[in-house]
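Read through the structures below before going on.
One chain, subunit A, appears in both complexes that follow, with subunit B as partner in the first and subunit C in the second.
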Partner chain A sequence: MDELLEILNDINPDADYETNEHLVDDEILTSFELVMLVTQISDEFGVSVPSEAIIPENFNSVRAMMDLIERLQEDE
Partner chain B sequence: MSLVSYDFLAFFAIAALLYYLVPGRFQWMLLLAVSILFYAGGGAVYLLYPLATAVSTWFLALRIGKADSVSKAYIQEHKPDKEQKKAYQTHIRKRKKRLMIAGILLNFGILAVLKYTDFFLQNLNLLIPLAGEDGSVWQAGWLLPLGISYYTFQTMGYLIDVFRGRYKPEKNLVRFMLFVTYFPQMTSGPISRFDLLREELFRKHAFDGTQFTFGLWRILWGFFKKLVIADRIAPAVAMITSSPETYDGMYVLLGMLGYTLRLYADFSGCMDIVIGTSQCFGIRLPENFQRPFGAKNLSELWRRWHMTLTGWFREYVFFPVSTSRFCRAVSHLAGKAGLKTLSKKLPVYTANLIVWFVTGIWHGAAWNFVLWGLANGIVMMVSQEFAELYRGFHRRFPKADGSVYGAFQKVRTGLLFSVLLMFQYYSFGTVFAMLGSLITTGRLSQLYDGRFAELGLAGADLAVLAAGLILMLAVSVLQESGSVRKRLAERPLVLRYTAVFLLFAAILVTGCYGRGYDASRFIYNQF
Partner chain C sequence: MKKSVLEFLEETAVSYPDRCVYSDPERTYTFAEAVRTARAIGSRVGSLRAPGRPVAVFMEKSASMAVAILGVLYGGCCYCPIDVSMPEERIRTILSVLDPAAVIAETDSRDLTKLFSPACPVWDFAGLSGTPEDAELLAHIRDSRRETDPLYILFTSGSTGIPKGVMGCHRMILNNLRWLAKEFPYEPEDVLGSQVPFHFVISLHDIFVPLRFGCSTYIIPQEYFSSPARLVNCLNDRHVTSVFWVPSALTVVARLNGFDTQLPAFLRYIFFIGEVMPVRYLNYWRRHLPDARYVNMYGSTETHVSMFYELFRDFRDEERLPLGQACENVRALILDEGGRPVPPGSEAEGELCIGGAALSLGYYKDPEKTKDRFIFLKTASTESERFYRTGDIASYDADGNIVYHGREDFQIKRMGYRIELGEIEAAASAVPEISECVCVYNEEKQMILMLYTSAEKIDSRTISGRISERIPRYMMPNRYIRLEQMPRNENGKADRRGLKETYARSEKK
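Let's look at the complex of A and B:
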């Protein structure tokens, strides 16, 4: 979780990642930032995020992102 | 058949009457029949193109769906261990991918050949001389089937969604044909998603007076934007933008703003007619515009302008390219070379430039459209590079987020969008020459010289344009706090119908008809 928060704060330090559950729906994370996030998640967590997984439900909150990473790690 | 014609109004009236007369379970069949009739109006032979796209996509999607079912059944029956299951799923995925790629190559191939052969030959001639003795290059000159870009994008979105397992494929070819040819949206979009449109197309629709009236009001509003604003300003804009040697200085700004206004009124007016027509049949289509000139930066403006196309590119090009093996490998290499920042941004910037290249060439088979697309992409990348600087500025000056700064951001974004559109109508060098001319020689007094009179905009035209613009702006502001039609419907009957009658009368009296140019042609019909 801390690793992910570090990546997120590096990409956009102004968002409230602890409580916000609409990061994509509220356009706090833009498409550019989403892709940068996916690139760094792939590097840091050793998973490959397929393009079909880049949907708001998977990135709206830190919890959802962690769930996605865990699912991908299980599939690897 | 143009959406702005008596033929269309008569066609729509008869179709709507029959639609609510037939039993609910036959409504979608009636819609298919009228959609085919509508399309055949432009030449029955052109029906072969959407038919080929529909049949090939339907068939390939079914095969993909079957591969999924076979895979599930195999796993359930044989209960393989984790390694075996993974190997089997990879094998099935490869098979599905081959089917999807076959569909994409075939259908985008048809689009590419019809739309870009002449452009390709012109450019090939620069490398290998192809011109005959008279100096001309052979041109195919093929006519584009109506709406080919829209139905191709819509069906390819469907095929990719089925490949991704987002929903199951449609088994019934006849039902699938309606998804491809549904007449209100077929010629100009919006580009719909199958799982959303299916729910609307195939359920029974009882006549709903409110929805029907709302649909008619929206059609009327679309006619107003098209006939009163877009078509009134079109000849003057065409004159300014096609004669940079005559119309320089302040006219560059006038042409720039006029071009943007015409594009918006024309395309959003067309969408009002399309979505309003569909609403009369009880079928909700996705919105394509969301007050784009309320955007505070270019990326936001593009999320509000031609939303279904930009959404399509984001989902099916931008994300897949940026997460592709190629982009990941290049990013990895950059990271290994110690270029950490570059490694983070390479995938997103590569995908961004590809998307904007394709967006440009989608809008027109010419290099100036490609340049226009790339210019948009580059501005967004530069803006992203300055994102941290903006954040720092807003942290230091939190009051700068007020309404005055917000208004400045909106005007700045609208102007930037208009400046970039100059690449569509001027050559590359002319864009900079004209911007230079505006900055160095532009004076308001130039608008009073003889050149303005040549534009064919009389005092009455200017008054109608000004009134039309104020009305369009007022409606846009009102929309920010909810549906204008709902609020109008809550007003007393007399007030409600006086407003509608005035709009109708304004279209009849001040609309542009038969001025020696094609008043009914929509810009976005030509894709």
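Let's look at the complex of A and C:
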């Protein structure tokens, strides 16, 4: 979780990642930030994020992102 | 010879009254409906008797907004789309310069009364659409049209902190449509997938191309650009055949492997404009869609589309695409430091200048700035002619194509948005604790860094919270770094070059 928060803060320091559950819907994470995020998640967590998993539901909150990462890790 | 884009609309609406011209997920307009609604709106706008004056269109991007824009033109005014997501303070600044004759808004727009002067009428789009048509008034407006009449006022970032309004005219888009008909003709079956907001000059393509060719524009919901698989699905669902996007949008699809599950089956034209297209991401598109035509376009709010380069060969990932050649009736020159045109064949760099039918009228209510950027040049082959100094540094390559090398000032492009770093620095005056600040940009990561000095340490969120009241989100810095001391160059000014080298150096060029 800390690792993910570090990545997120690096990309956009303005958001309250621990409470916000609408990061994509509220456009705190736009498509460009998602590109940086997905690239860094792939590098840091050793997973590859398929394009069909890149939907707002999987990135709207830190919890959803952690769930996605765990699912991808289990699959690999 | 046509004097207004509306003449195309009226002809096309006779040929294809029931074909769709604009649609979004909620609403579709046929040509006949668009003409009817726009003429109704135009009747009200025209009743203001304010020819050439701007009408602010304060709406979310939608098919209805495109029709509202046509309505403004029917009324003999020019349109100024206002980005509804901007901070109120910036909207206020823009409106104080614009002084619109009227505003077209939506019922659910934010409370507008405090933004506009009480003398300015604010009309609700839905109500306005029901205005009875005044055919006599519209005919009178049509008969007095000239192709140099203002078409739009679009605000771009200003280095002093005040956005500047660029005033375009009908001739720019008429010339562009004539050129497209020769080089990249559309058929009535074509569907354009619209990506950019209507306050970008690039959107002229999405708004006006259907009027000339009888094709249609589908407004892609912005959120699809955060879900590449859904985006591709949408392109297929809507049979999108052409995209005219900023390179960032194409890049997002490539970097998120958007073609993993399916390919856009109908795309035949892929145009990109507004910033440098990284070849390695374009190559992803070309590998997956080898039969589409790929065109690098060059233009600006001051000139709309003025140059183009169609790719007929492979490019290596590290190569840069040329800007190519000027479009028909457009002139492109490179001026050396002494103000002399660089001859093709010479490798010398200079400032790219654009002239001819692509030229806008200048900056709205700013004759000084207009005089500075729009200059008269006498070349060997021409009488004195007006050119726009783009501020882009360019040279000719061995094939005679113009190649871009960078900027001579502090203007950057981020996600296709044109940003003056000076406007962000000016916004930092909202934080009185900051003594001095400089913004630098890392092109590769598209990250803006604000480097500042202050007596006390300031929390980054305090800074971002305060400047976000003045500048839009796309201008917000990614990081705030406090310096003990501002490094100086030999002239005693902040050493921007050194700071960029230290903090924002791109790893790959």
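Convention: the second predicted complex is superposed on the first by the 76 of 76 C-alpha atoms of A that agree within 3 Å, B and C clash if a C-alpha of one lies under 4 Å from a C-alpha of the other, contacts with A are read in each partner's own complex, and residues count from 1 in each chain.
Rule of thumb we're sticking to: a contact is a pair of C-beta atoms (placed from the backbone, for glycine too) under 8 Å apart; a residue touches a chain by one contact, two chains touch by 3 or more.
Just so we're clear, the structure is a prediction, and the values are computed from it rather than from any experiment.
Asks: Check whether A:52 is in contact with subunit B, with subunit C, with both or with neither, and answer first, second, both or neither.
Replies: In the superposition, A:52 touches subunit B and subunit C alike.
Asks: Between subunit B and subunit C, whom does A:24 touch in the aligned arrangement: first, second, both, or neither?
Replies: It touches subunit C, and subunit B stays clear.
Asks: Quick one: classify A:2 as touching subunit B (first), subunit C (second), both or neither.
Replies: neither
Asks: Check whether A:42 is in contact with subunit B, with subunit C, with both or with neither, and answer first, second, both or neither.
Replies: In the superposition, A:42 contacts subunit B only.
Asks: Just to be sure I follow: which residues of subunit A are touched by subunit B in one complex and then by subunit C in the other one?
Replies: Residues common to the subunit A contacts of subunit C and of subunit B are 12-14, 27, 30-32, 34-36, 38-39, 49-52, 54, listed in rising order.
Asks: List the residues on subunit C that touch subunit A in their complex, please.
Replies: Residues 223, 225-230, 248-249, 251-252, 255-261, 415, 445-446, 460-461, 464-465, 468, 473, 476, 478-480 of subunit C touch subunit A in their complex.
Asks: What residues of subunit A sit close enough to touch subunit B in their complex?
Replies: Listed in rising order, the residues are 12-14, 27, 30-32, 34-36, 38-40, 42-43, 48-52, 54, 75.
Asks: Going by the contact rule set out above, which residues of subunit A touch subunit C in the complex?
Replies: Contact set of subunit A toward subunit C: 11-14, 24-25, 27, 29-32, 34-36, 38-39, 49-52, 54-56, 59.
Asks: Inside the complex, what are the residues of subunit B that reach subunit A?
Replies: Its residues touching subunit A are 86, 164, 166, 299-300, 303, 314, 318-320, 322-323, 328, 331-332, 335, 343-345, 347-348, 351-352, 380, 384, 387, 391, 395.
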